[in-house]
Amino acid sequence: MTRPSPWFIAVLLLPGIGLIAVFIGAVIYIAIAQSVGFYNLTGDSGFSMEFWEKLIGRKSYWTAVRYSLFIGFWAAVLSVAVAYPLALWLRKPFKGSLTISAILKAPLMIHGIVAAFLFLNIISYNGLVNQLLVWTGIFDDPRRLQNDSGAVGLLFLQVWKNMPFALLLLTGAVQSIPQDTLNAAQDLGAGTVERFRRIIAPLTVSAMQAALIIVFIDALADFTFQTTVGPTNRQSLSQYMEFFRGRGRWNEAAGVGVTLMALSLIGAVLMALTARLIFRERPIARVVTWYETRRVEAQT
Amino acid sequence: MSGLAAKKIAVRFDAVDALKNIDLEVPAGSFVTLLGPSGCGKTTLLNVISGFLKPTDGRVYIDGIDVTDTPPERRDTALCFQSYALFPHLSVEENLVFGLRQRGMSGADRAKRLRDVVGQLDLGDHLSKLPNQLSGGQQQRVSLGRALTVRPSVILFDEPLSNLDAKLRETVRHEIRSIQQDFGLTAVYVTHDQNEALAMSDKIFVLNKGQLEQAGTPQDLYHAPRTRFVADFVGSANVMQARVVSRAQVDVWQVVTPLGPLMVRSDTPPEADNVLIAWRAEAVIMGHDPVNAVTAKVVRRSFEGAYTDLFFDVEGKTFRVQQTETNLVAGEDMTFSILPDNIVFLSDSVSKVAS
Amino acid sequence: MITPHILNRALMILLISVAILWLVIPFTMAVLWSLVDPALPWTPDNLLPPVISTYRWSYMWENSLLKPALLNSYTLAPLAALLTFAISMPTAFAIGRYDFQGKEAVKLVALLPLVVPSFVTAIFFTSILYQIGLAQYRFATILFAHIVLFLPYAIRIMSVSFEQVRIDHINAARDLGASPWAVFRAAYWPAVKPGVLATLLIVFIKSVEEFAIAYIVGQPGFVTIPTLVYASLGQDFNRPNAAVLSLILAFPNVILMLFLERLLKSANPAMASGKGC
């Protein structure tokens, strides 16, 4: 590749990268500025921490933070946990494996809102699930399963929509592990669980991290699933932000928006680090090994 | 019986017979080689022994116990992979103790085993490196060490030297053999290199197209091949057709060959009147000897260092004679004799060979 | 003895039943609901709707915001596709064909629109629009936001395409005395063609599906198909109507996606798996 003058490169990058930088930069800037009292649409503008203080003082704010983190965390972990065995199963092609992976990945093509509708349809008061449960005698009467307060339905939908994406990433990673490497581990006595823990997971940790991060950010900032199938007694951060905006309370909306961005960043980094620590660095095993070598040295 | 035994092993992949009715016996502490050309089923047989592949037919025994249905992780075998298959994310040390961890061995015992193997294989300077920071030969030694640390009942090698250069191959070959002897390991070694097989083995099993051609000590195979394939594959002997004319003595037959009439001394009689016979290129005496004298014109001469190959053509077939010292050049006539002791009857029928 | 073969079979049957549960049944239900006649409601004691009619479809066509939504969505999408593609070209060319300092950083910046939650982008974009007084130009502003939001896809796909143009092909063409246009035809076009189609298709699909921007910036009054479906799931939830709208949103996209999948696979397998990030 050639190295042309930096000015030429800058001109080429300007329309694409320039536009992105300005647009996203402006959005982030406005969010931060409005959260500390600038750029008010009505009334005075000026620096003030008043909105943050109000926000932090509200119980509903912390409920929304906790709730969104809960959804983001579990959606990411469950999607990856479901995708792993499937990716391993589909690692080597067999008759029908292509069909199966196509079926599994189909939700990637279905719009989230459509998915929400299909789901509501199935679990509605007179829907299939209720009828089945009544018919089998588990329920005496149909129950209201929609918008359950435990967010089980919401998490199910999140996993339904996000698992295929994790599967896509993990399949590629798992397929790139040579069969010999897995055979070697098995030959040396590693059973299924050990092979996963010591070989497969560490070798696919980057794909795992990518899947965790992307699903986490997506689910953390969810609005549509939450407002259609989520619990009605709690609000997600996006919903909370839209609630303030709808009432023209831009500064508080901005506070929630900044919270959302910060949590995306921190949460994503934490999940990625944890995954790496658990499967790659194995901190506990390291300490144990260190301790044991020390003991051996002391003895000899 | 202790050691390894595989009885009547057959493996079928869809329509292909990869192994047919293989019987393999490896007494405890001995070093056995599976020798054969590419695709003859060597790796398949190792996979059956390690448990990665369930044979279509037949049983595998380790120390007299039937392990055919035991999964690989619970078989007391360790395989050195052709590709090394080191764990790329683990340090050399972690690679070496992997099998010990799986067996739940305590840290102190692990450290001791590790020290033994590291000393033996001279890996001390590399313990904290990752496999991709090692040279090919070092990786090879780690792979060997990883299998050795677990002190398996049976250790298996799948062409472990094929990625090394000629010089290193020689050294590591000796290392493997001496470690095997030191630890008294029962070993099965796969190779398609006949020199390697002859140099290392207590016993060689020659495989061809999924079938066992011949088993025996290196000397047996070299001096008394039973089939054309073995004669050719182990040390490329000269093979030709012969018609048995008469039995001169109890163990001596008179035959007619493209090179003229010859005497053959053999403990086993020929299987038919028309047979194949084989003789080694170096098993000749230059000069006019009264028995089995042959005269031919050298068409090509090829200097190989320790010896020189001389080629001659008879009836459209090329034969080879090997001499340590010779002044003969292409175009000259040479006369030599093949001692009757150095000619063997092969057991494949002529018609089978012709087809 | 459980052989892997039997295990695979069992797993397969299990999986196919799960697949039926999780794709076939939901969609069948949706189709059935969209065919319910208002005069004879589908009550739980019937396995199938008592009367199958296309009344809902024609009703929605005549009496809802479906027509403007379709018009909006399907004018936004092709425009967004073309403009995104055009704007991404120079950047993709620079990343794909030149080596320069800070290339990795540039690639990271190009991912930003995908990392910032889309609701945050949507809300503070409207805030900016209010500040500068452009909030009433809904179509144009949504189009603009779509372009920026989908630039990452275009830049990524096109830069990989440009990387695949081989310098020896270019040189060979030049060596044979080709004009710049002929060089483009001979060396560039074959390598970038699948990427161009994939870019246009991906941005088209993403734009039709996009919800957050259309919903927030479009308020009040501007509808696209996703916002219309979303609204139909809200306060006056009418299941047959929502079914009709959902199917209208789902089907064209599924077909386009299948087409895209094939295109990406034939173009470059590595790209197919990397399209999301």
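Every chain is named by a letter (A, B and C) in the order it is written, and numbering of its residues begins at 1.
Throughout what follows, contacts are C-beta pairs under 8 Å (C-beta built on N, C-alpha and C of every residue); 3 or more make two chains touch, one makes a residue touch a chain.
Here the structure is a predicted model, which means the values were calculated and not measured.
**Q** In terms of Cα-based centroids, which chain occupies the most central position?
**A** The most central chain, going by mean C-alpha position, is A.
**Q** Which chain pair has the highest count of C-beta pairs that touch?
**A** If you count contacting C-beta pairs, the leading pair is A-C.
**Q** Using mean CA coordinates as chain centres, what's the chain A-chain C distance in Å?
**A** Chain centroid spacing, chain A to chain C, equals 20 Å.
**Q** Please report how many Å separate the Cα centroid of chain B from that of chain C, as a whole number.
**A** Computed from C-alpha means, the inter-chain centre distance equals 60 Å.
**Q** In whole angstrom, what separates the CA-based centres of chain A and chain B?
**A** The separation of the two C-alpha centroids amounts to 56 Å.
**Q** Find every residue in chain A that makes contact with two or more other chains and list them.
**A** Where chain A is concerned, no single residue meets two or more other chains.
**Q** What residues of chain B sit close enough to touch chain A in their complex?
**A** Where chain B meets chain A, its residues are 50, 52, 71-74, 77-79, 81-83, 85-89, 98-99, 102-103, 106-108, 110-112, 146-147, 150.
**Q** Within the complex, which stretch of chain C touches chain A?
**A** Residues 8, 11-12, 15-16, 19, 22-23, 25-27, 29-30, 33, 43-44, 87-94, 97-101, 106, 109-110, 112-113, 115-121, 123-128, 130-131, 145, 147-148, 151-152, 155, 209, 211-212, 216, 226, 229-230, 233, 239, 242-243, 246, 249-250, 253-254, 257-258, 273, 276-277 of chain C touch chain A in their complex.
**Q** What does chain A use to touch chain B in their complex?
**A** For chain A paired with chain B, touching residues are 178, 180-181, 183-191, 194, 198-199, 202-203, 280, 288-289, 291-293, 295-296, 299.
**Q** Which residues, counting only chain A, touch chain C once they are in their complex?
**A** 1-4, 6, 9, 11-17, 19-21, 23-24, 26-28, 30-31, 34, 39, 41, 89, 94, 96, 100, 103-104, 106-114, 116-122, 124, 126, 128, 131, 142, 160, 165, 168-169, 171-172, 210, 214, 217, 220-221, 223-224, 228, 238, 241-242, 245, 250, 253-254, 257, 260-261, 264
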